[in-house]
Amino acid sequence: DFLNALHEVIPAFGASTDDLERCRLHGMVECGDRHKHIYQRAMLVAEQVKVSKGSPLVTCLLEGYRGSGKTALAATIGIDSDFAYVKIISAETMIGLHESTKCNQIIKVFEDAYKSPLSVIVLDDIERLLEYVPIGPRFSNLISQTLLVLLKKLPPKGKKLMVIGTTSEVDFLDSIGFCNNFSITYNVPTLSTNDAKKVLEQLNVFADDDIDSAAEALDNMPIKKLYMLIEMAAQGAQGGSAEAIYAGKEKINISHFFDCLGDVVRLI
Amino acid sequence: DFLNALHEVIPAFGASTDDLERCRLHGMVECGDRHKHIYQRAMLVAEQVKVSKGSPLVTCLLEGYRGSGKTALAATIGIDSDFAYVKIISAETMIGLHESTKCNQIIKVFEDAYKSPLSVIVLDDIERLLEYVPIGPRFSNLISQTLLVLLKKLPPKGKKLMVIGTTSEVDFLDSIGFCNNFSITYNVPTLSTNDAKKVLEQLNVFADDDIDSAAEALDNMPIKKLYMLIEMAAQGAQGGSAEAIYAGKEKINISHFFDCLGDVVRLI
Amino acid sequence: DFLNALHEVIPAFGASTDDLERCRLHGMVECGDRHKHIYQRAMLVAEQVKVSKGSPLVTCLLEGYRGSGKTALAATIGIDSDFAYVKIISAETMIGLHESTKCNQIIKVFEDAYKSPLSVIVLDDIERLLEYVPIGPRFSNLISQTLLVLLKKLPPKGKKLMVIGTTSEVDFLDSIGFCNNFSITYNVPTLSTNDAKKVLEQLNVFADDDIDSAAEALDNMPIKKLYMLIEMAAQGAQGGSAEAIYAGKEKINISHFFDCLGDVVRLI
Amino acid sequence: DFLNALHEVIPAFGASTDDLERCRLHGMVECGDRHKHIYQRAMLVAEQVKVSKGSPLVTCLLEGYRGSGKTALAATIGIDSDFAYVKIISAETMIGLHESTKCNQIIKVFEDAYKSPLSVIVLDDIERLLEYVPIGPRFSNLISQTLLVLLKKLPPKGKKLMVIGTTSEVDFLDSIGFCNNFSITYNVPTLSTNDAKKVLEQLNVFADDDIDSAAEALDNMPIKKLYMLIEMAAQGAQGGSAEAIYAGKEKINISHFFDCLGDVVRLI
Amino acid sequence: DFLNALHEVIPAFGASTDDLERCRLHGMVECGDRHKHIYQRAMLVAEQVKVSKGSPLVTCLLEGYRGSGKTALAATIGIDSDFAYVKIISAETMIGLHESTKCNQIIKVFEDAYKSPLSVIVLDDIERLLEYVPIGPRFSNLISQTLLVLLKKLPPKGKKLMVIGTTSEVDFLDSIGFCNNFSITYNVPTLSTNDAKKVLEQLNVFADDDIDSAAEALDNMPIKKLYMLIEMAAQGAQGGSAEAIYAGKEKINISHFFDCLGDVVRLI
Amino acid sequence: DFLNALHEVIPAFGASTDDLERCRLHGMVECGDRHKHIYQRAMLVAEQVKVSKGSPLVTCLLEGYRGSGKTALAATIGIDSDFAYVKIISAETMIGLHESTKCNQIIKVFEDAYKSPLSVIVLDDIERLLEYVPIGPRFSNLISQTLLVLLKKLPPKGKKLMVIGTTSEVDFLDSIGFCNNFSITYNVPTLSTNDAKKVLEQLNVFADDDIDSAAEALDNMPIKKLYMLIEMAAQGAQGGSAEAIYAGKEKINISHFFDCLGDVVRLI
């Protein structure tokens, strides 16, 4: 099945997948059919890149609500692609740098990829790479132009490249003509009640009787917020009960869970 | 009770809590249930950070009206957390510096925190760190991007970090997508009549008969303004009476108090 | 009375009050009750700073129409406060400098003040310090942020500071959130007919019969314009009569006075 | 016919047409009458440049929807012109450079052209050369002014120059007065059903029975997207069928083709 | 009378009035009562500066339509003031300089003036000094702030200064709060029919019969345009007649004059 | 007549009229009465500059639709003026330079002119000199201020200067107050049917029977576009017929001419 598929692929030697592994701290649980579908299609595209003669560059955008699991998914595709060169470009390694320095680092990653026969580059959180803020809006046009060209530029003869972008600001990217530059775009959804239930079952922190009502309350929740909520609730109203719950000895108190839900959801 | 709870926690050795202590010059009096609730939940979150395995970073925003006591509260949580590394990042230590220098100082604090197993960082007055003015609006996008990434970046393996932000410009922070980057947000309220009465009783500068009408007049007042007002009123109409009042030998003249209230409230 | 009060206070040794004296070239005549009230309250605040333990910083804004006497009043309060360190920060000593240089000079004055147990700083013409023009509007955000922090930053333990700001652009200051940073704000008014009459009597340049009609015409006039007008009128229609008038030998011709009034008022 | 015409012209020695060849990775298939007409007229203009005495400079703009084949067409005209100096100016060779450096490189190409008796310069993706983003909009005025002058400046006595520009942002170029600076403008269209059918027949990847319905579905499609789609569909629903299809041994499964079409079209 | 008054004053030794003389190339003819009134009042103000004790700085703005004679008038007042230091600050001597260099040159002139007991400074064409263009609008805030402070800053003890500004963009100056900084403002008018007649009589280039109809046609004309027109008309329809007309041997052909008027007025 | 007048004037020795000659590659054919009138008036103005005593500077603006012949006309006036110093300032010789460098080159030309007793300077394509784009709009205020001052600054004693500007963006120039700085402005029109007929007769490329209908179709055409059209049409539908037509052996095929007209006009 989907989850197993994710793990039975052995990472290609040479690819530094450590950075990518850090993107899925909680491991990868099954998040429902829609997540699974995106994973499968993206893996087919990776195969297409390998065999194609006329299209040495394919670019794919994963967009969706904050915390819906885009980065974890992109990292997983990168790791599972089995390509020789797999690299994530993230704002986290370029904090506080000048935009031209960032540009050069981005260009460097592409140039390295051009040297490898088969490469995957994850452009994580593109709005952050572009230093985007909605007021103005402001963003770095230098980086933006650089990416626009890189997303269109063919690798040298004999080299193949797959680029996976992630963003939670797809409207902004659209407004600056970015989306058109991706060959394909997938929307990574928040969890439906069904998806949430599947996740909760795998996590095993609720009593069987509570799972349905908890999942109901989690409808439309991004997976990131689900994890935060579970951890708060596991703490218990007086603190101290988390260890027992993670050890499977206790279950989360469902009414305290709803309290925490109110706290977290209220202000967002 | 709440007030005692605040003081019986012994500050962690190694944490330089001097800067934090300067944030509560008047000590910490009880300000009512809503303030207390925020304190308690924040302390639970601090515990969660300690025990969690999957969430090494939790971020919490205290927002509220100017002078409502956000900084004092954040400092108190930081001190009481008992974490090894506790640090406040404030515009006051970076006056007149270039935005890139400020950035580097901010990054430095986070990097120091990443070396400690358990850390608390207070981002005080985020709008001031961002050099925000409402006209334009203008603000430093360099610092803004830096903080956006730092608020999302996980500390290295085995390290845990709690970030507490304060702001009186939550609408602005929202408009640049900052609030979404905090795991939880609490609103620190101005004083209700009841809260004000509780504070006045602790301060003991009014005659018993005057406390109710004074508290009534202070409804919806931020605590900072309350202190300013008390000091003006203590001075007396002709000056010179403050010492006797603070020594408990005299009480504030209630009608002079209302005069001062008019003076202070009129123009704001 | 008010006027005498102004002059019987001997300036503190150590305080360089020369700069402040230049701000009241015409001396200080009585300008009516509203001016007097502001003076008295400000002197009480100065006393409050001296005796307070919990509020080592008080900030006070004098705002009002151009030429209404704000700078002269702020200078007088500074001089009469009898504090050890008294200093005016004015755009006049920083003409043509780069905003960062101005910033440093401003910071320097505050740092000097932090070394003195009791200090007064006059921030004169804040809009000019901020390099404000209404079109745009434009202003220096660097200086603006610097002042915003300095107006909130507590002096070191054991030091006390009073800051008096002046501005004729209070709406602008409000719009960038400056006013909220002052503990108290006073509006320095233009002259009423009564105020004007009091001033004219002290100046003694009109015939007794003309004072009333002259004062009537001067209703709502800022004191600066009143002085300009008197000097123009004293010149006489053909020039040359000023000396005799100032010597008290002649009086101003009331109809020529009205001519000048028309000339000056017409275009403003 | 058109296609043959394209290939029977031998490239001029001295012209570095390698860069131009890379612009038509898939070779040149026939795309219908409208594409053919533009090719023919442009070739006539090239001849006009050769024989004209009074007009040593002719400029021609190819505008049209993203991926409609503009660059491939411009490259083909350049190659087929048989001029001594043929050069493409593209953002791809200037990634991350400062606008003034880009300017100098652009100027250099024109100066080189001025030394040759007959030259063609392709200004590819002018909006990218101008670092255009629609938000603002922003673009480099330095490069924009440079191009505006170069598009009008006559080559030195005895030299002739043809400039072919391409753009998918003709409205923007119009709004900055660029289009008026081109002698002629042609719109390169997306494929009609008829055009698409012609292309599919040449590619030979569909069963004869499926071509009509496939072509129908491809109405109004830019050729770039058509190629992407074919490659995705050739992969097959389970992957692995591409090789057999390109080798002519199998045909694309028409219903899988429609699946892919939905995937690609849905989000754009 | 007015005209004679202008010339019988001998220029002060030490004052470099050469620059000022260049501002009235055509000499000074009488332009009617309104011009005369401004001249007389400005001369009285100059006297006021001399005798005043309390107002060592008076500032006066001459505003009016382009070419109405402001600069010539300001120069004349400066020359006739008989002050020790007389200087014009004009954009013409600072062409192409950086705004900070301009600033320094302006400051230098004021500092020189502060050394002289009695000074006049003409700030000519303030909008040009401020590098103003109506689109945006744009202007140098550096120079603007410099002038705003200089127009308010008192000269040192014992020194007196009169500043005369000229501008044809009084609305702009008003919008940036400049006008309020001048003690007095005068509007220099275009010529009325009567004024124009007076000027034409002095110039003596029309036949007596034609003066009235010519003057009629010149109603509302700035004097600068009048001079341009006379010179064009004097040329004659075929050219060559100017010398005879200036020598008084011939008169301007009135119908050719109206032709020229049409040409000049039509397009403005 | 007009055309002859243009050519019988011998260029002044010392004037480098080569640059100017390059502006009229096609020679100067007669373009109708309105063009002629402008030429004649401008020549009279040149004479006026020579003989005037009071107006050592006259400035004249030629504005009109793109390609209407402004530059060719300005160059012709410059050449025919017979002045000692004749120079064209054009963006073509300053491509890619920084605005301050451009400024200096412009200033240099004026300073050279100030050394010659009689000078003509052509400011060609002022909007291009100002680096104007309509979006924003943006333009160089540095160059704009420089020109604004130079257009008003009198040459030194004894020197005379005529400045001829050209522009196809008169509305923009007006909006930044440029037009007011020119003494006179002329609109250079596109061709009327009559004008076009006159031009076609001189060019002699149509059969006598076709001239009228061709001229009719060319109504309102700028002369630049007319030349482009003639050259396209002369090529013939199959190419190769141009030489015979220019040699007078064949005539342009009128229906092919209308084809080309459709091609050229359609998209503009």
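For reference, chains read A, B, C, D, E and F in written order, and residue numbers begin at 1 within each chain.
As a working rule, a contact is a pair of C-beta atoms (placed from the backbone, for glycine too) under 8 Å apart; a residue touches a chain by one contact, two chains touch by 3 or more.
Nothing here was measured: the structure is a model prediction, and the numbers come from that model.
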item	value
Same-site or different-site touching of chain C by its copy chain E, using the half cut	different
Farthest chain relative to chain E (centres taken as mean CA coordinates)	A
Computed distance of Cα centres, chain C from chain A, in Å	61
Distance between chain centroids, defined by C-alpha means - chain A, chain E (Å)	70
Whole-Å gap between the CA centroids of chain A and chain D	35
Set of chain B residues in contact with two or more other chains	none
Chain-level touch network, classified as line, ring, star, complete or other	ring
Sequence of chains encountered when the ring is traversed from chain E in the direction of chain F	E, F, D, A, B, C
Residues of chain D touching chain A in the complex	22, 25-26, 66, 91-92, 95-96, 128, 131, 133-135, 138, 227-228, 231-232, 235, 239-240, 242-243, 246, 263-264, 267-268
Chain C-facing residues of chain E, complex	41, 44-45, 47-48, 51-55, 58, 100, 103-104, 107, 137, 139, 141-142, 144-146, 148-150, 152-154, 175-177, 179-180, 183-187
